[in-house]
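Shared chain: chain A. Partners: chain B in the first complex, chain C in the second.
Now for the complex of A and B:
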């Protein structure tokens, strides 16, 4: 028996004012699955993620998470339900220390078990009293993921996780994402095909606001031979 | 040094210094500075912690002032009760008004607060003139009985009482800004409201509560003003004085604990001293504000705190390197 679907997006369309950016997008994510959406700039990847996290209201379609319809809900409600969104801009709260950033997440979720954060990102323990403003891009990414996993979310939506990061940090992220997927499903979007090939179990290729292919073959994923779809 | 500035002991030392300054400075001046600093504290919190600039502060000051004034004129003679009534009146109004105003951001929030101030001025000056006596105001000098423990009808009593209230307000804001999760969430609203929602926070509630707290503190200052001056008139809500609280907050350092006090000291000092020589004393405040803003946009206390924080961060960033050299 296969894993159940944790997220199901059906015929999702979205627009910024008059300009339509998503056209009838449908996808499924299974529990504890690692899925990636790849596509060029402007393909609509980030818009799709924002619609799923209720940061943007779709013009049509539905997003069902854990048997609950998310369209029409506020983004804070979606986060409380266990679907967390991590933005691409590596923005942590600059005036707050690492400790305060984690406390903020703990207070919202009621989960004060920071050991699981430090298990994945031991460096955060060393940087615990450093302000967000003084963290590097990689450290900020760790903190953002660390904050998001408090409260035991069932799905992490991560936008461009490797953007601007050094190759050694990207290697660490691959390992971390593999470990994290034991507890939750991960959907990443990005253009770094080598990273995607190393983490994804399934890939959706996106072009001009539409999902043009679904790649499930492990060999095809490993060789990045799906790039012709983009 | 930073620990000293941040800690509650620092607040008591400042209080003691201020109290003993009465030997060198007129008590009336110091009382006004302290009440003004309470007034500016709310505004400073809104600007510095939430990034919401309000040009409607005189309205919130007026609700507290009229709450106390109306009680003393029509219902009772106890100044303690009057202050309590002023604070409660302000609290109720802020809870209602906040529900609408905090939905707005940046310039819209600023302008709608100012518009609310204009409406409030009209209400107290014209619409309720039968009860408020408009520009003539409510004269309360013969309507206040001496109060037990601290006699608020005596200059010395109101001076001491204002200091005690100021300390309580400072301690409260010290907890709010430095120790509470709520204070941290306020900073995050200023930094990036959307990101805070990703973590599961309903940011409307945070902004609403901050608005109510900040403006109820302004109402408290208004109630103290009424008891201190033994009168209240519609000019307290005049929109022409709306920039005073903002200027004081920015001069001292918006969002800092001692910024409103430092700003009030300079503002009232310039008003009292310079106005003896030049009629347009505000020119000097304006000039000083420009200089302070150009020097770092954080105000006097804000710049000092920022300098100390940078020094601390520099030290902490050097620590791993030192550890490696130490062979650990």
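Now for the complex of A and C:
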């Protein structure tokens, strides 16, 4: 028996003012699945993730997470329910230390078990009293994911996780995401084909606000044969 | 002659410090509201006046300034909570001009209400602390020293709250980026309410401690507006430390300026503000990050 769907997006459309950016997007993510969305800049990838996380209200359609409709809910409610969004700008709270960043997430979720964070990102334990402003891009990405896994989310939506990161850190992220997917589904969006090929079990291609292809064949994913969508 | 000058200077410094205390209490809320909600909360001047009137009324009825101060802060807490929930929360996501216009309206309504309830005649509030302190041969009123100490105490308490409590940490994070705080799973709307109510209670406390220095009048909030904005702008919007340092500067510039040449008391703070903004447009402790 296959894994159940944890997220089901149906006919989702979105717009910024008069400008429509998403058109009838439908997709599914299974529990503990690693899915990637690829597409050029402006294809609507980030908008889709923001709609799923309730950070942007869609104009039409639905997002069902764990049998609950998310459209109309506040983003903080969605995060508490276990669907977390990690932004592409590697923004941690600059004036807050790593400890304070984690404390905030613990406060929001009631989960104070930081061992699981340090298990995946042992470096954060060393940097615990360092302010966000003094972390490198890779360290910020670790902290953002570390913050997000508190509260045992079932889905992580991660926007451009490798942008601006050194290849060695990207390698570490691949391992970490594989580990994390034992506990939750991961949906990443991006254009780093090497990264996508190494983590994704399934790929959606987006173009001009629409999903134009679904790639499920492992060989196709490994060979990056979907690169023409970028 | 020299002795008299020293006495005048000491008196002016103490007067300036006590004014700094009032400015700080009034502007810390403005700064917090802008920092977190990106809102220019002009209704803080109403809470300042309301605090002064409530301390006048309760002190007159009970004879206890302490009860008056507590009653003033409690009343303001309730009024600010209602205003925030019913009115202000509707403009948080809108450009800052909306909050300015809306809260200016609340301020005007508040002043009208004060005029209706207490009338137009200014009211006196007796100083709760008599006696004086001798500093280098200069007699300094005890109440002024009390105001200075209270402002320092409130500054330390606000710093403790922001830096050592989880709610304060969340507010600091929200000042950096409120959207990201929501994405963590924190109800930012509740945080806005807490910040607004706390700011308003501090504004009321400013009115309470200022009342014995001045005659309590409906327009007292309006008359301190320019100085309050100077403090916030010089210190840097959203910075508590900046607000404190700026309040100290403005307080001293006003009192020592008046000692040199009376019109300087009004002019000099503006000159200082222009000078600082030319060197550092974000204010002394303003952050370039606050561009949301």
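Assume the second predicted complex is superposed on the first by the 228 of 230 C-alpha atoms of A that agree within 3 Å, B and C clash if a C-alpha of one lies under 4 Å from a C-alpha of the other, contacts with A are read in each partner's own complex, and residues count from 1 in each chain.
Throughout what follows, a residue touches a chain if its C-beta (ideal position, glycine included) is under 8 Å from a C-beta of that chain, and two chains touch if they have at least 3 such contacts.
Not measured: the values here are computed from a predicted model.
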{"item": "Clash-or-fit label for the pair chain B, chain C on chain A", "value": "clash"}
{"item": "Partner chain(s) touched by A:104 [first = chain B, second = chain C, both, neither]", "value": "both"}
{"item": "Chain B versus chain C as contact partner of A:151, first or second or both or neither", "value": "both"}
{"item": "Contacts of A:126 with chain B and chain C, given as first, second, both or neither", "value": "first"}
{"item": "Touching partner for A:15 - first (chain B), second (chain C), both, neither", "value": "neither"}
{"item": "Which superposed partner A:134 touches (first chain B, second chain C, both, neither)", "value": "first"}
{"item": "Intersection of the chain A residues that touch chain B with those that touch chain C", "value": "53, 55, 74-76, 79-80, 84-85, 87, 91, 93-96, 100, 103-105, 107-109, 147, 151"}
{"item": "Chain C - residues contacting chain A, complex", "value": "166, 169-170, 172-173, 175-177, 179-188, 289"}
{"item": "Of chain A, residues touching chain C in the complex", "value": "53, 55, 74-76, 79-80, 84-85, 87, 91, 93-96, 100-101, 103-105, 107-109, 147, 151"}
{"item": "Residues of chain B defined as touching chain A within the complex", "value": "181, 184-185, 187-188, 191-192, 194-203, 309, 313, 316-317, 320"}
{"item": "Residue ranges of chain A touching chain B (in the complex, touch as defined)", "value": "53, 55, 74-76, 79-80, 84-87, 91, 93-96, 100, 103-105, 107-109, 126, 129-131, 134, 147-148, 151"}
